[in-house]
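See structure below.
Order of writing sets the labels: A, B and C. Residues in every chain begin at 1.
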Amino acid sequence: MNRQKLWAKLVLLIVGTFYVLPMLAMARFSFQRVPVIKLGWGTILKGWTIQPMLDAVTSSRFLDAAWLSVRLAVFTALLSMVLLVPTAIYVHVRLKKARPFIEILSILPYVVPPIALVVGISGAMRNIVPSFIASPYSLVPFYVIISLPFSFRSLDIGLSSIDIKTLVEASRSLGAGWIRTIRSVILPNLKVGIVNSSFLTFAVVLGEYTIASLLLKFTLPAYMAESQGNNPQGTFTVGLLLLVVSAALLGVMNRFTRKKGAVVPTVGI
Amino acid sequence: MEDMNTDSVALQLSALRKSFGSTVALSQFNLDIASGELVTLLGPSGCGKTTALRIAAGFEQPDSGVVRLLGTDITQLPAHKRNMGMVFQNYSLFPHMNVLGNVGFGLKVRGVQASDCAERSAAAIERVRLGGMGDRYPHQLSGGQQQRVALARALVIEPQLLLLDEPLSALDAKVRAELRDEIRALQSDTGISTIFVTHDQDEALSISDRICVMKDGEVQQIGTPREIYFKPANNFVARFVGAMNEIPSATVAEGNRPPNSTMLLRPDAVTVCARGEVGSLDAEVAGQHFGGSTTMVRLQLELSGVVVSAQLLSRSINLSVGDKVGVVLNTNEAIVEP
Amino acid sequence: MLEAISGQYLKSIIFSVQLSAVTALLGMLFGSLVAIAIVSLDRMRGLRNVMVGYSAVAANLGGIPLAFAFISSLGMQGLYTKMLSAIGINLTDLGFKISDFSGIVIVYLYFQIPLMTLVMLPAVDGLKITLKEAAANLGANSRQYWRRVGIPLLSPSLLGGFLLLFANAFAAYATAFALSAGGSRLVSVQIRFFLQGNTITGKSNLGYALAAWMVIVMIVAMSGYLGLRQISERWRK
């Protein structure tokens, strides 16, 4: 029994190290102005600086890119919620049978690689509404689609954990109308799901590069790809920042979820 | 049963102690199971009955104490070498194996030859009346059927001890009674010494050779079902097994009772008669629960206002609420609690 | 469509499939081990929370920042490349290059392992402790339990997880792109190459064809995933 536990600890230690090491190296590269070649015991504490990060963060290219990414993330999250919350509620209350179907639909974005998605849609759109592809907001519909596996699933889990059908029936039998039921019974119970879903969408959008680069939109990841050459340190700090922000978003979400006793949204098989 | 010598003891649990953190699950637990005997561990949840069973099976190690199987100390022996068959409350069938696979599992891991294994498994399945269902999977079976498979699986390895952990709790009433009788019949036929764990006193009373009533990790009484029911060793046993009236002694006009004591009396020791008969107390019918062959009648004693229940044959009475009657308390059967 | 599966394009499809298969296999192996380790150390609640929380983050990482992290670790000028060479292990001599097959495999594992962990956790949790007890009670030792009960019960989840990881790696694009500065042989990177106009026009049809082949590979993988999921859900009841 004890030997088995030792084995388990060893596995976690090895994998944990694998998780941590790249992040440490990246942090070092970002904040220490000493080439790797010269790194030794004598120089280990020298040259730490946040100047490259400041340079990067204050450059106008960065600010443009970051502002666009944030706007895109907010609009995507909003549009996703407007579309998905009513759908999810409807499916749970009225269309239980359609759930497997909807679930397949929600992992479709996994099936269609983003690159293929953008090839298909932009190909069609370019011919019909050329101006659509020109606007940076043309990314929003793509992002709604690619974040679907995460956003829909966390709503779905949120709804599954509260037996929505019984709640609705109870509320209706106590005399509440549909609007009142949704406003004062369903939504308060679905808060966790909605917050989770938005956070995940947010994180997905912040990190998305494929579609943005194909449609030539200048988002944060596109900025990083571009300036990798001329200010590598600064770019890496932005990368690190992005990792930390998404980690924080997901971390906050995890905490929030656990407190309410719900489940971390995963693709679970 | 009383004069067991060591040869006929199948399992001996001596001075077992087990705690989980700060909660003591078992303290000074002693129990001998005679060979061929069915002993029930009965008690409320958290009384340590399941812990005792799991120690016997080898899933838990006692903090101190000894487990002996046929005289051999097996306290340190790992579970898979103990040769005991266990049936779990939630069936615990292997979901990816069909009935035949489940029943044959124990034989396969013992290296029994395939043909021999199939033959013995089929016989075991036949014995629990599931003949012809060998190729079904657990999710295609009802709860009762699944538990029969579990029973066959436990019996086919010809265990030295059969351990049943609340095997009937997850089943509905009718299936439960049916399977209860079948388990008893199978157990008597095969003569396998058995420990049966339950919190249901009816089950315990009807199936057991002996019952061990437990509370807070301690044995309260060990005895035959009749002894437990009619001669409970203490108030806990008296109250836990069967229904009980609690009557302040002062209401019963008899000199030899201590004044501020309580008298415990089974409802079947209370009878109803015409008002004014010798030895009866005046009472009024306060309510009744029809229960098929018997009816539980609640009677309010007029002098004291105390309510007692009487279990009466439904055919022999015709009472309505408000009827003025006489009540006879058969105090010979009463237990007096100081 | 046919040109897309000939010559160098076929090679790039094969390269992508090989890469996805290798990372999915290794990811499946380590991810499941982590899931089993987490469950078997269940008493250490904090550990589980940290691991699950970080896995949820890491599984959704990828893209450019992740590539950066590995370039600064194992790239030509990477911290650990230098540390290893200081103790006499030269990665380049061993044939390792961050933008090559072996390098991309390592980087992909960074999100493949945690994804597998998340996928497997419910299944491993579902391996009820009483099943292990039932097996032990019937005389099975630990090895027999895993061979006859544990692994067969996990197998649909394992296989389904493999397919999901395969799809995940097959669709990934940004990470490989950043690792190789655009010169990778992955299908996804090649498609972009055709559609960006960096090349002679008239080849964009080839891009569409490659994309179509990609979707076909993915549909096969995902239908397998869904089928296996149903089996494991039935067993878990």
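Assume contacts are C-beta pairs under 8 Å (C-beta built on N, C-alpha and C of every residue); 3 or more make two chains touch, one makes a residue touch a chain.
Source: prediction; values computed, not measured.
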Remark   = Per the touch definition, the chains contacting both chain A and chain B are C
Query = Of all chains present, which has the mean Cα position farthest from that of chain C?
reply = B
Query = Where is the C-beta contact count highest, in terms of which two chains?
reply = A-C
Request  = Express in whole angstrom the distance between the two chain centres, defined as the mean CA positions of chain A and chain B.
outcome  = 55
Task = Between chain B and chain C, tell me the centre distance in angstrom, where each centre is the average of that chain's C-alpha atoms.
result = 53
Task = Could you grab the centroid distance between chain A and chain C? Build each centroid from C-alpha atoms only and quote it in angstrom.
result = 19
Request  = Flag every residue of chain C that touches chain A in the complex, lowest number first.
outcome  = 30, 33-34, 36-38, 40-41, 47, 49, 51-54, 56-66, 68-70, 72-73, 77-82, 109-110, 113-115, 118-123, 142, 156-157, 160-161, 164, 167-168, 170-171, 173-174, 177-178, 181, 188, 191-192, 195-196, 207-208, 211-212, 214-215, 218-219, 221-222, 225-226, 228-229, 232
Inquiry  = Using the touch definition from the top, list the residues of chain A that touch chain C in their complex.
reply    = 4-5, 7-9, 11-12, 15-16, 18-19, 21-26, 28-30, 35-37, 39, 104, 107, 110-116, 119-120, 123, 150, 200, 203-204, 207-210, 213-214, 221, 224-225, 228, 235-236, 239-240, 242-243, 246-247, 250-251, 254, 258, 264, 266-269
Ask   = For the complex, which residues does chain C have touching chain B?
value = 128, 130-131, 133-141, 144, 148-149, 152-153, 234-237
Query = Within the complex, which stretch of chain B touches chain C?
reply = 57-59, 78-86, 88, 90, 92-96, 105-106, 108-110, 139, 153-154, 157, 163
